[in-house]
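Residue numbering begins at 1 within each chain, and the chains themselves are lettered A, B, C and D in the order written.
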């Protein structure tokens, strides 16, 4: 899984300007006169906005990511309706034979109750079995896909035999508020009031997005973390 | 593919009431006094709203459908962000072995340019090949899925070997405006200013939804058809 | 301010059905076999969905309200983008001379910091002053509005002299998830992790909507209250 | 009314890249090999996307505008739910006495049917009357506003006497798809299949936004105009 930040216009200062037009006008002038340091005032304002769920100032920015991940990750990703997507299409192009199999560090044994699963390592042979099984299906399915294409079956029908482990790619564009909402649901946050239980593979994508976002808007990111990583 | 209208609160009269609060107040009283037939006035108002793209009056209603279709259809469906979805989850339950293969009447040969594909029948042997290939992958993949589950691999990992032809089910809730937007993009409308080129399988779902919607809001549906089936 | 529930299709059972399609399939069968009471199971499921922020099952329902309130309330209301609106239009009809003035129980003295204002009663003469001032402006402005209309100025221009205290009316349609989000921001919840500081007048509208919603979906409402009234 | 483009990340090339990930992969390589000029290919692709209503590639960009306009314009503007807003707040700051009155070139006489009004010039005395009336209300209302503030009435209550002609300011952020949708409804397009009848004052804001957008994405803008200015 890879995430590349393709383009962005996202700064903590955008949050501050947007908030000041609505809430802080006269207040700000007083503070400035009283000599409070500008940097610490921005931080205070952003913390206040996050804590009191003033969400709209976090929307005046934009980040476009190029994401490569398997279809089962994209299926979960695209349930998030406050983002823009363009994905590689199996109707318009022939899909390449790149498939997900679980890495050795992927814990494969599920424990706990529905909705709150936890995962623990199994015997190493379990990973071997899952990898071999995943590869066998990938090879078998891709060969059938090729056979159908060679015979003249339309791409949009032939692709239906490909498994959910198939890699695809997409551009996804979000603003910081949407991204924080996404992160709050798709990364683990045991310290939060609102624990979440994401599938590890989408969490890996989410973590890479968070890493790319953090240096762009460090004050916003810090406020998000301090608030138990719940979006405003 | 099946579509069942599970619950609805959707009437042409909802459109009329919502429109009258905003636009028609005093006008309406005059018309009523002048003896114009109420039914034909409703029809005229709905036609006017549709033609001049007053979209919001078409939103005060709700339809919930239960849809059964393959994953590759749901992938396209869920790109529509103005609807509510709950789908069967391969994380929480074991998926059942029901798979899509193309029916004899499904034209499998793609002609035309990207973005404007057309489909024509091929030799019957092409369908036989596609069906046999689809079944072979389904059987192989489902057996591997079972093998992984039996060995103790977590459902959320094991499911990644299942192909896009797997059937799933979902509840989807939309209002008439969203539904018209969906239909305008996912059914063919050669007579329209804006032709669309949906994959046949999602069009089949869309057609079933349109059939279920039509008797609920006959005036709205007629206006939608008359307007080249473009949503306001 | 008045709120009338015009139409609804909203039941706790809709939440349960939507959730079960995705998350609870096989689990449910086991529970049923083990003799757990169905009513308490529904309640448990709804509480679980609310607590763990599974928001989508709360979207498969719909409520349409007819709201009468002043323009300054509607200005705040319509910032909520996940609802459908049709409001009385000053372009299409002549506005009626109904205006807001503060009631005696409206606390008029603002204390506290920006973003966290509190309000306390002032001297009764303060209310008298505000009411007299509000009425004077309403009468003066409405007379000028009439003068412009009589002279032949277009309604859409003449209306610009009317004050924000003018009453208007609208249809607004929301699902339970949107409504909970609205309530979490527009009613006071001192007990919550996330306090909010709504203007009293929109809170009055929100409270009336909550009253109308509560008997439709009592389990959902109880779970919302128990969770500090934060939307999932 | 003023519009300032504060920040943008919006280029025709963003549209092209996003479209190519989904639809054009292999096609593009062939074209490149065959020596077609890249510039004209981009133009062709953008025209194709616009005509066939492939809307999502137009979403991977962002523009933030600072808009100053009267409240009655903002009331219409904020009905557009696919944008981000932060407006000056009468709860947090004292509003400045700046008010709209119709300019001499504003046609004040409304003719035609509801929903399709047209406006023609009246006698110059009509403008004089409207201006004098607008000023009288503004002065009267603002003096009462000040009186209430001086007496200690909370800003959020005192502001309710201010008229809809009051100027306010906001940050609004949109992507090109949202902007095109906004422009298609809020500017006149007599040549289109879908005429619109915006109030002149919001159309002035929309025209300024269109002017600011046009040089950023000239190919997209040209395709939008050529298509009767209907958003995809």
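Keep in mind that, in the parts below, a contact is a pair of C-beta atoms (placed from the backbone, for glycine too) under 8 Å apart; a residue touches a chain by one contact, two chains touch by 3 or more.
According to UniProt, the chain labels map to these proteins: A, B, C, D = Flavin-dependent thymidylate synthase.
It should be emphasised that the depicted structure is a prediction, and the values quoted were computed from it without experimental measurement.
Asker: Write down the chain pair with more C-beta contact pairs when B-D is set against A-D.
Answerer: Most C-beta pairs in contact, of the two: A-D.
Asker: For the copies chain B and chain C, give the interface type as same if over half of its residue numbers appear on both sides, and as different if under half do.
Answerer: Since more than half of the residue numbers are used by both chains, the interface counts as same.
Asker: Using mean CA coordinates as chain centres, what's the chain A-chain D distance in Å?
Answerer: 31
Asker: Chain C: which residues touch two or more other chains?
Answerer: Within chain C, residues 23-24, 27, 56, 79, 85, 92, 114-115 contact more than one other chain.
Asker: Looking at which chains touch, is this a line, ring, star, complete or other?
Answerer: Topology of the interface graph: complete, with all chain pairs in contact.
Asker: Any idea which chain D residues touch chain A in the complex?
Answerer: Chain D residues touching chain A: 6-9, 14, 17-19, 21-27, 56-57, 59-62, 64, 66, 84-89, 92-94, 169-171, 173, 175.
Asker: Show which residues of chain B lie in contact with chain A when the two form their complex.
Answerer: Residue list for chain B touching chain A: 70-72, 74-75, 78-79, 81-82, 85, 90-92, 100, 102, 106, 108-110, 114-115, 117, 119, 122, 126, 129-130, 133-134, 136-138, 140-141, 144, 147-148, 151-165, 199.
Asker: Using the touch rule from the top, collect the residues of chain A that touch chain C in their complex.
Answerer: Contact set of chain A toward chain C: 23-24, 27, 48, 51-54, 56, 79, 114-116, 185, 193-197.
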